[in-house]
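Lettered A, B, C, D and E in written order, each chain numbered from 1.
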Amino acid sequence: MLKLLDGPQTLGRGRIFWSCFLAVLAGALIYPVFADSYDVGNFAYFLIWIFMALGLCLMWGYGGMLSFGQTFFFGIAGYGYGVLAINMGGGTATIAALVLSVVIAMIAAGILGYFMIWGGISGIFFGIVTLSATLVLAFFLGQTAGPEWHIGPARLNGFNGMKGMDPLTVGDFDIEGSALYYVMIALIVIVYIALRMLVNSSVGNVIVATRENPQRAEMLGYDVRKYQLLTFVIGSGLAGLSGALYTSWGQFITPSSIGLPAAAMPIVWVAFSGRNDLTATLVGSFLLLFGFQTITVYSQQAALVLMGVLLLATVMLAPQGFVLGIGKLVVDWWSRRRRRDEGPALADAGRLQSDET
Amino acid sequence: MSAELFSVFYQFADVFAFLILSAAGLAIVFGMMGVINMAHGEFIMCGAYVTVGLVNLGVPLPIAQILAALTAGIIGMIVEFLIVRRFYKRPLDSLLATWGLSLIVTQSMLLIVGSAVRGIGTPEGSFAIGGYTFSTYRLVLFGAAVAVLAGLYIIFMKTRFGVVARATMQNAAMAKALGARTGRIYSISFGIGTALAGLCGALYAPTMTLIPTMGATFVVESFVTVVIGGANVLLGTAPAAVFLAIIRMALNASYGQIIGQIGMLFAVILIIRVLPEGLSSVLVRRGR
Amino acid sequence: MYSGRLIGMALLGAMLGTAPIGSARAAEPPLKVGLLEDVSGDLAFMGMPKLHGSQLAVEEINKSGGILGRQIELIHLDPQGDNARYQEFGRRLLNRDKVDVLIGGITSASREALRPIVDRTTTPYFYTNQYEGGVCDASMISMGAVPEQQFSTLIPWMVQKFGKKVYVIAADYNFGQISAEWNRKIMKDLGGEVVGEEFIPLGVSQFAQTIQNIQKAKPDWLLTINVGAAQDSFFEQAAAANLNLPMGSSIKIMLGFEHKRFKPPALNNMHATANWFEEIDTPEANDFKKRWHAKFPDELYINDMGYNAYNALYMYKALVEKAKSTKLEDMRKVIASGDACIDAPEGKVCIDPKSQHTSHRMRLISVGPKHEVTVEKDYGTIQPYWLGEIGCDLTKKNDKDQYTPSHLPSKS
Amino acid sequence: MPTDRILEVSGLWAGYGATPILQGVSMQVSRGEIVGVIGRNGVGKSTLMRCLIGLLQSWRGTITFMDQDVTQLEADARARAGFGYIPQGRDVFPQMSVEENLQVGELIGGPDGKKLPELVYQYFPRLKERRRQIAGTMSGGEQQQLAIGRALIGNPSLMILDEPSEGIQPSIVQHICEALKSFRSELGTTIIFVEQNLDTILEIAQRCYIMEKGKITRSLAGEEVNEDNVRAQLLL
Amino acid sequence: MALVDVKGVSKRFGGLTAVSEVDLSVNAGEVHCLIGPNGAGKSTLFKLIVGLYPPTTGSIFFDSVEITAERPYARVQRGMSIKMQAPSVFKELPVRQNIQIALQERLSGAERVAEEERLLALLNLADDGGKLAGALSHGQQQWLEIGMALALRPQLLLLDEPTAGMSPEETYKTGELIKSFNAEGMTVLVVEHDMAFVRQVAQRVTVLHLGKIFARGSLEAILEDQKVAEIYLGKTHAH
């Protein structure tokens, strides 16, 4: 099983990579000892979003499906957590609420995904359908301000947002601050490792094969639609996980977490980081979230301009993604040092597409 | 009764004009180059601001509107030259690049011009039919939408540029091998697309509040119109606008704006499900 | 073995994370005021005056010796109109910068985003907008006007002057829906008739259908509680269609200064009740306006939000100085005594002990064809009585809830 | 003869990705010649044609056309300099009418091109009948005539045809062959073509280059262009 | 007995009839060659058999079961496998992974690795396992794709121009490879231009011309048929 950790689908392998991984993990684990409790909580907050980024990376980078509506599942699970946590009562039941809300998001993804994938929707149309779905949900939730919109004692409360749910709790212990941080680290490690194993497994092989050439993959006897649906459901489940965690973190969720500007964010994170690799997405999303927050804190009104410049510069200068670009540079440098004669075959010199039929 | 009938037409014309004017520019850029221009709304905003600026300087409104469209077109060509042309082979990256551009433009406008600009008021007057009064300018907008469609029809079907542009759209390499300067065609098409966005802003400027993020109110409608229309601007966008306008108008009138909006998006999802390549895939009889 | 270490680490971290922080203070450190106002994004044109109002008040207070001899340090962060950022920055200000007071938020959603976070601290939070009312929360002090101050003055006047049939155009979210509810309640009491209610999704900018619906319903007047720049386009479009109906509102003119942004006569015949608008012509108000425009000469209009933001700091100063403490607990004792008052540019305002909302001097203003503003009626001071009436009493119980006419406190 | 040279290719290398397909192709064509390039599938004949028109940029080597070095020019510039290209599979613009397809070709001729539709219709009367038909709905033979007409309308000095007979009724192939020969005799057009059809080759080629594995290995001229020699190349 | 039965199948694209009323049966265990000049409709017929196109008319049977409406993957699972005309390998993935993707349904673990090595060696790609498939030469990509098709151990192997871009030696080796698999019981249907190759492998030949069956029979009979030679060389005017 452990062999699946390293494979052709993921950058970074071997002793050096895993030593770095363990060093970073160890650093992350002892970080709260030295850091301000606010910063620990803040880091935990960044980590919440990374599941959605990893899910999109799987769908877009590995599966070739660009969903513009990951916030649809984020919202379903986010509201789902709220409704369940309020209805089931606080305490340990919140853990069940978290799990159930992610399951609900995955069921929703199964339905929407079946509808799209079996309908042959692909490319930009895939993006527009998912975007439409998320906008419909946002509009719908926005007008649920009245007291008649409730599920059990949980009021949806329209644009002002749903609140009053407990944070994740075990017994009487609220998982917040440092505890939340450690839970996040553990979840990230689990999800990251699991995704690495998935993409390097035989299922992962089919997922990337479908991205590369769905027809060829089908001609090898794979019902590519099933694999696409699986990818979509997993990716969306991770968006759901982010949503449920987000609600639990702030004990609050509003339709604006589902609307258009929010929907664009995961795409920005993943594109910036490098959609073709999980590690790059993990690192890049964290850096970007941290960077955007820092820019917003210190540059006030110029923040959005700087973010725009950062994005523009990334696509123009590092089209594979910022982190992936740097990562590849490092890897190339290493391999060149180690085996000077064996050039990596990655660079494809200005390939011209054949225009013949 | 005729008043009711006219009012139904008026409402339809109003939604139709909004969809056509906001989508035409995006449709050309998407149809010709496969580029999704996320800064489309900002070109609309540019058209609106230039119009208002010029009117405040004493330029008559119609002239200001034409100049505004031209300005947006020229800026569009500059943007094409500096940024977009690098991404013709990477359409998803063009989406990111233009989105970055849109962030920069919106916020820079806020910093430079300020948050709110004083409006210029709607020209023309109003007229009454039955118990209703109507704004004449809304009919001007409808006329403009029809004129834009007619203009596009003439440009793309009747001119030499149009023939070559359509050829480039169908098979760029072959058009190039026949002597078409495809780079220039892309640049001009992008310019036309952004000029139409500018025109949209210019036409709606007198009727709207001007803030730097105003483009956003057009974006969702224009995107869905273009997408369900499919890649062919002339054959796709216009029927898509008719279709969406009817749905939206009917739902708006019967159930209010919120259902109108949700219903329109549902219609989009269903149409794409039935026609995964948009309306124009049915309307164009595909050869080969 | 690996997981064992992880748990060990977690426990260590948890212990250290919750260790007590910062006990003794230096003699005269500045008071930290955390401010969250949107100065980018859609709401920037409203957030900017709020930031300015706070900056002006801080400058004045610091010049006159600060609060209890301590200078004020204003820490402003820009949440860009994003609720998640409000939470992020709310936590940052409260937990990292450890501000003494938190001020800000424009939309009700941003306020609701902040409340759960504030509620878990002992820091007071000032919300400086007029809003749909009903928040019964001990951590929050509301500086703006609420429906009972605005609607119970405006609507009877409109009915009396123009007639009993009203058509409501409201933004389709909590503010619009709750305001519409208030209107229904008051109209019922007055024997009036709501001939139409239309809720508009945020961001919609085209109103041809709405205008026609209004004409079909033939109301005597319109209640316009549409929100945001896009929805403001209604006025221009209604004027172009020659709709020509009297309009009443709780948010227009004083808040979004539509009469300055639109070309006359789009806002002709608009009536609103307000505690503040820039055209108030009293010596106190004029003095205040002079100081403001001296510091911010480019300000298009000193709106109600900016004004309330300015007042909030003076109210905070008054509370701290009377309580001789920056602790919420002590400040609330002052509020409970009914003695939390300041002399504001509008006149004297006080905080109501039961609801922690502010009393206001309400005036009814009308806009003329050239967008000139006149005061039609001065109601004097109006109390924020509704929450107290329905059973919110923060001196006794902290509900932490938001009530509406259709969501009242459970009798217990 | 050298003064009459219209095209000179020397040491041309090109390929897709990192794979070289052309490995040092050299050839010369004189004004008014009809030259065939023959060889088995996959030796790079079509690639050579794409390289000549400029749809594929060469890695090394030079292409000289009418004493001008065109190696660095893009396809559109070469077209305007006098190349006419009829690709394999014809590539007519499927959603446009016959007339519109021809209009795209007029580009090359500049304003003078306007006069030429009648000329095209003279050689291919079928196209005149079908002027308004959408190209994608026509038969293969008609599409081929259109593709040739579209190149002809630009009045090219050099016409490059990639398998003009592929998948077409023999009677129409015959008609196309006649037309090509008339272009040469009546308009002075030089023609280079790739072909697998023995009859077509024997009917129109004055010379043949034989291509193997990315290189020109031999050439056949005059009497050498006979059934036995060509058949050997086609069937191996 | 027929493994594949194509009955009265036509395919039209717009105004073009690519395949017209074709009947074709491929017997189990044979190597059957489909020849004909370019544009005769051979590749289209292949795509109809594997299900990439739905036929305009007619029906297709595999192992006596009608599969006309089945999706391609289901047909592959029934035991057919195709190498397309233009190489369609997974260009951005390493060579070894290409093979793996084809093999993984049938084998796993050490068995799969062994088979992988065997195939790579068989295909002369043993040293290139780590290269991206897109970086291989045209001929190598052809081989890789043949290898992927073989990896499925199909009952029926469809090869569309398997030797395009190969040298005579490579072509010969490919032929031997196909024969060896045929000897193990695999049925093969090949589209090919290269007559030497056809001679090497074919047991039966069908000639397709302008979308119709022109002739069929043993290789010898076909080669002696003057009319076939004529259409193949474009000589027939008799229409």
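List of remarks:
One rule holds for everything that comes next: contacts are C-beta pairs under 8 Å (C-beta built on N, C-alpha and C of every residue); 3 or more make two chains touch, one makes a residue touch a chain.
All values reported here derive from a predicted model rather than from experimental measurement.
Counted as hops between touching chains, the shortest connection from chain D to chain E is 1. If you take chain B and chain E together, the chains in touch with both are A, D. Summarising the inter-chain layout, the chain whose CA centre lies farthest from the centre of chain B is E.
Look at where the CA atoms of chain A average out and do the same for chain B: the two points lie 33 Å apart. If you average the Cα atoms of chain A and of chain E, the two centres end up 42 Å apart. Computed centre separation for the pair chain B/chain C is 37 angstrom, with centres defined by C-alpha atoms.
Multi-chain contact residues, meaning those touching two or more other chains, occur in chain D at positions 16-18, 55, 87, 91, 94, 136-138.
Within chain A, residues 139, 143, 301, 303-304, 345, 348, 355, 357 each touch two or more of the remaining chains. Looking at chain E, residues 14-16, 134-135 sit in touch with two or more other chains. Listing the residues of chain B that touch chain C in their complex gives 7, 10-11, 14-15, 18, 107, 110, 114-122, 124-126, 128, 131-138, 204, 206-209, 211-214, 216-217, 249, 252-253, 256-258, 261.
Residues 36, 83, 86-87, 89-93, 96-97, 99-108, 110-111, 171-174, 216, 219-220, 223-224, 227, 258, 261-262, 265-266, 268-269, 272-274, 276-278, 288 of chain B are the ones touching chain A in the complex.
Within the complex formed with chain D, the chain E residues making contact are 14-16, 37-40, 134-139, 161, 164-168, 193-196, 210, 233-237, 239.
Touching chain D in their complex are the following residues of chain B: 160, 163-164, 166-167, 170-171, 173-182, 232, 284-288. Interface of chain E with chain A (complex): residues 50, 52, 71-74, 76-77, 81-82, 84, 88-94, 96-97, 100-102, 104-105, 108, 131-132, 134-135, 148, 152.
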